Amino acid sequence: MSVLVLAEHNDQAFLSSTFNVIEAASKINDDIHLLICGSKIENLANEGKNILALKKVITCDNEGLNNVIAEKISPIILSIAKNYTHILAPATTYGKNILPRVAALLDISQISDVIGIENPQTFIRPIYAGNAIAHVQSPQTLNLITIRPTAFERCETMGGEALIENIPYIETPSQTRFINREVTKSDRPDLSNAKIVISGGRGLENADNFKLIYELADKLKAAVGASRAAVDSGYIGNEHQVGQTGKMVAPDLYIAIGISGAIQHLAGMKDSKVIVAINKDVEAPIFKIADYGLSGDLFQVIPELMAELDLLNKIES
Amino acid sequence: MKVLVAVKRVVDYKVQIRVKSDQSGVETQNVKMSVNPPDENAIEQAIKLKEQGVASETIAVSIGDDKSQDVLRTAMAMGIDRSILAKTDQLLEPLAVAKVLKSIVENEKPDLVLLGKQAIDDDANQTGQLLSALLNWPQGCFISKLKIENNLLSISREIDEGIENLELTIPAILTCDLRLNTPRFASLPNIMKAKKKPLDVIDIGELGIDTTPKIKTIKVIEPPTRKAGIMVSDVKELIQKLKYEAKVI
Amino acid sequence: MTDIQREELEYDVVIVGAGPAGLSTAIKLKQINPETNVCILEKGSEVGAHIFSGNVFETRALNELIPNWKELNCPVQNQVNKEEFLFLTNASSIKVPNFLLPKVLQNHGNYIISLSNLCKWLAEQAESLGVEIFPGFAAKNLLFDDGDNLIGVQTGDMGLDQNSQPKENFEPGINIKSRVTVLAEGCRGHLGKQVIKKYNLDKDKSPQQYGIGFKEIWEIAPIHHQLGKVMHTVGWPLTHDTYGGGFAYHAENSQLYLGYVVGLDYKNPYLSPYDEFQKYKTHPAISKLLKGAKRISYGARALIEGGLQSLPKMSMRGGLLIGCDAGTLNMPKIKGSHTAMKSGMIAAEVIHQHLTRNSSLDLYEERFKQSWVYQELHKSRNVKPSFQWGLIPAMIFTALDQKIFQGKLPFTFNHKHADHQTLIKAAEASKIEYPKYDGVLTFDKPSSVYLSATNHAENQPCHLQLQDLDLPIHFTLNEFDEPAQRYCPAGVYEIEIDNQNQKKIFKINSQNCIHCKTCDIKEPSQNINWITPEGGGGPNYSGT
């Protein structure tokens, strides 16, 4: 048994998803190789060999792999696929774009967005937007799997001694031309992808008070969300609405402030890793699903929070 | 330019699905079924291309049992010219779907195939990419903008970091994001007209494709319900927990 | 948007509402003459989406309409095999022996069904006969000619924003012109309301009476489930001066159809029908059934209860008003599906004569009077009015009226008030403290609405129209403590305090509306007018 992990990176550094996928790989087997496709990736290779769980780092370094074009990367993976029993990629737009191409050419049924691994042949994945969980079994001799990064911890990035191996680039006819990438440059990330979301509800009482949410979000480099009630009352625009009829989010941390926790709102954020609720009503339904609940006046709590976060930053630096 | 649109009949996105008590799957009996939402965006885009004079003919194709005819009628009521049902009572994996689509593509010879980026039932997000590889055509996945000029496709696609702009040659496969357009309503007169539009049914068996599933679903269960955690006494404690226990800040 | 050019379609008959009445009309029309062009407009996203009913079904009309229904896979399968009628007190229950029950309350030979599924099946039968059914299209307005004859309906515009301005996907409604328009929208249809007023159809009739009916479906433990068992209750938790009662029907798949009806002629403005129902579930006779059970569905809908005394004239120039839209429900029997179907079948016959021989649609009245529906409604006409004397006297009277006199007493009690006129002032009423929801047997409104699969497209005009925008705060709040906060089963209406100026505002969360029509009925000043939201929106009661 042998597992190949497709690294996600920006040529300078690994994206954190790579570490989650390696962690997932270690649940399958300990013979794990990391494939890095890119241009001028020597530094990355050196970083990769330190990752504890890896036995080998495989690089394909070529200008042609400068920008991530699925049609160019899939032949590279294909060229070494037969050496493995499992090939893992992150279930990010990167991995989702590339891996199925490999699956098609190998005539393999890919398993997408895996959130748990029971054994090397049995995987757990969400269906119907996570409203049902499927346990699937694949007897295929090679399994292609995309891994949901947030479902696994980060692997240990130091202490490893992996070998580095280069493999040749494979030229492909050009049907796709990369023009450019517009990266969202904002300290305030997109709500759908943010790692931390601060949401405000009716408890904020008016649109002006929502600036407290924005300030707290800035401190934590978080996205700003809102309950339907806040949106309907005009406190904030509906692009911030989290819930059954708004956006579904699954950040690492979701802080719900002044939100009662009607089931419609919960439907939009129940997959968050950690939920914090701040509400002056101890009976608010949101406390039934919050990992950490703080009963108090949000107009006092938020300034306190910001002060504590400042203190924390001071201590850290 | 001929445009082919793949359409899937799925449980309506507004339905609260229920997991069957025998864990064999999700309850679909007596449940509202509709066009997969991103497929609506694909349909809308195809119709827009026809209205712009870029597409000469639009065809919708669906793979499923007889009831899938209704999503094809909906597509035609929105404005698609004709449709094809590849009939099967089996549940097909994305790979098999892609093979069936390949067969239809080889027959119909479209210049552009549009699909929704993922089906809201199985959430696999594979079919467009699989088809693209099988045909060796370029793929543009999760597109939110499309321009066609000089037989080149200029697309903007939604990626985690933002937007990526690519240029593809034709023929190509595009999978559509919800942000691509606003699907139109099918008006009553158009629904009437659609009843007369051609809907061809082909039996999947005639295509000679092996559609045996390679993956077995052992069980389908409800997601674990979140339980209440703890109440913290003050902000200090909250920060401590978030930093050192949960490790999320 | 009245000033735009609209497309037109023409039919012989357009029917508003794909419920039992409308579908029966369509099927019968095609059976009589397959050449008749018939279409049905249905505001729900699919047939059955807005059909909400107990339901213990009497097959009399179905036997007449489609005699071989059993062979056609009709979803009428679970016969009633056990019956119970309980009088509840707050701690216990007294079983009324079946032989003491009047025939109207005996269900031998009837079936426990999902009316929504039956309507889906009826729709298939209709379509196979060539009826065109258009789900997702709301009939918004009536069309009249210069002579004030009804000549068809106009479907609602789609894709308007909350200021009624066209959005990107704006699609104008169309005019459907027809020789006969059949209104079969169910209880308190908004078009039915209009024609009753316009043509004075309720002249010399008693004010109409309504109730609000709740139903939840629970998956219960097999040990508590008895397929085919029917239970009705009266008494607790309602006080004896409020009409109402509960039901529990054991359906297939280990499901329990559990429900409650509260008469909307209740007097106390602090009464919350929703909370009475939630409280009802805590009675030992009910809670024991729910041990280890899971709630999977919720809904509510107004029922029409006035009977013959309130039944308006059902015909007008160019149209017919049938089923619950008119008021053919037999309240003591707690059944309206079979009578609705029959009223539709009679409509088909009258329409056919009108189309081929130009006879008047007013022939409907005569044909209706000759039918078993009329006989049935006549027999049970005095039961509901007797409840104005209180529960016990009413039960005694009903026993006498139905069992001894077989409904043939030589007088008819009239209804004295319309439901919106019965509330006493808040200052004179006693507040009711309802228990907190426990999340096991009883639940808050948002959780319940969630289980009704209710959805309305975002950013559309509010379909709950207030005649006087200030009335709720300036009058109704003081006078009656704004009862909309309580009679709405979906939490649409809330009183909020604007924190800028400390003023109270009447908030309308129209997207939660489950189309029950209770607000249209009970608002004391009749200030709320329910009209159709964008087609396809609302609850989805399919399978319930």
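By written order: A, B and C. Residues from 1 in each chain.
The rule we apply is simple: a contact is a pair of C-beta atoms (placed from the backbone, for glycine too) under 8 Å apart; a residue touches a chain by one contact, two chains touch by 3 or more.
Computed from a predicted model, the values in this text were never measured in an experiment.
K.L.:
Find me the chain with the mean Cα position closest to the mean of all the protein Cα atoms on display.
P.N.:
B
K.L.:
Which chains touch each other through the most C-beta pairs?
P.N.:
Ranked by contacting C-beta pairs, first place goes to A-B.
K.L.:
Centre to centre, by mean C-alpha position, how many angstrom separate chain A and chain C?
P.N.:
Going by mean C-alpha positions, chain A sits 48 Å from chain C.
K.L.:
With centres defined as the mean C-alpha position, give me the chain A-chain B separation in Å.
P.N.:
Distance between chain centres, rounded to whole Å: 22 Å.
K.L.:
Distance from the CA centroid of chain B to that of chain C, rounded to the nearest Å?
P.N.:
Taking the average C-alpha coordinate of chain B and of chain C, the gap between them is 38 Å.
K.L.:
At least two partner chains per residue is the criterion; list those residues in chain C.
P.N.:
Residues 450, 455.
K.L.:
Find every residue in chain B that makes contact with two or more other chains and list them.
P.N.:
Residue numbers touching two or more other chains: 16.
K.L.:
Counting only residues that touch at least 2 other chains, which ones in chain A make the list?
P.N.:
Only 288 qualify.
K.L.:
Under the definition above, what is the set of chain C residues touching chain A in their complex?
P.N.:
Residues in contact with chain A: 436, 439, 444, 446-447, 449-450, 455, 458-459, 496, 499-500, 507, 509, 511.
K.L.:
Within the complex, which stretch of chain C touches chain B?
P.N.:
Of all residues in chain C, those touching chain B are 7, 9, 45-46, 49, 114, 116-117, 120, 132, 134, 137, 155, 158-159, 167-169, 171, 174, 176, 219, 296, 450-451, 453, 455, 540, 542-543.
K.L.:
Can you name the residues of chain A that touch chain C in the complex?
P.N.:
205-206, 232-233, 238, 244-245, 262-264, 267, 283, 285, 288
K.L.:
Residues of chain B touching chain C in their complex?
P.N.:
12, 14-16, 18, 21, 29-32, 182-185, 187-189, 191-192
K.L.:
For chain B, which residues are in contact with chain A within the complex?
P.N.:
Contacts found on chain B: 11, 16-17, 19, 26, 93-95, 98, 120-127, 129-134, 137-142, 154, 157-169, 172, 213-223, 226-232, 234-236, 238-239, 241-243, 246, 248-249.
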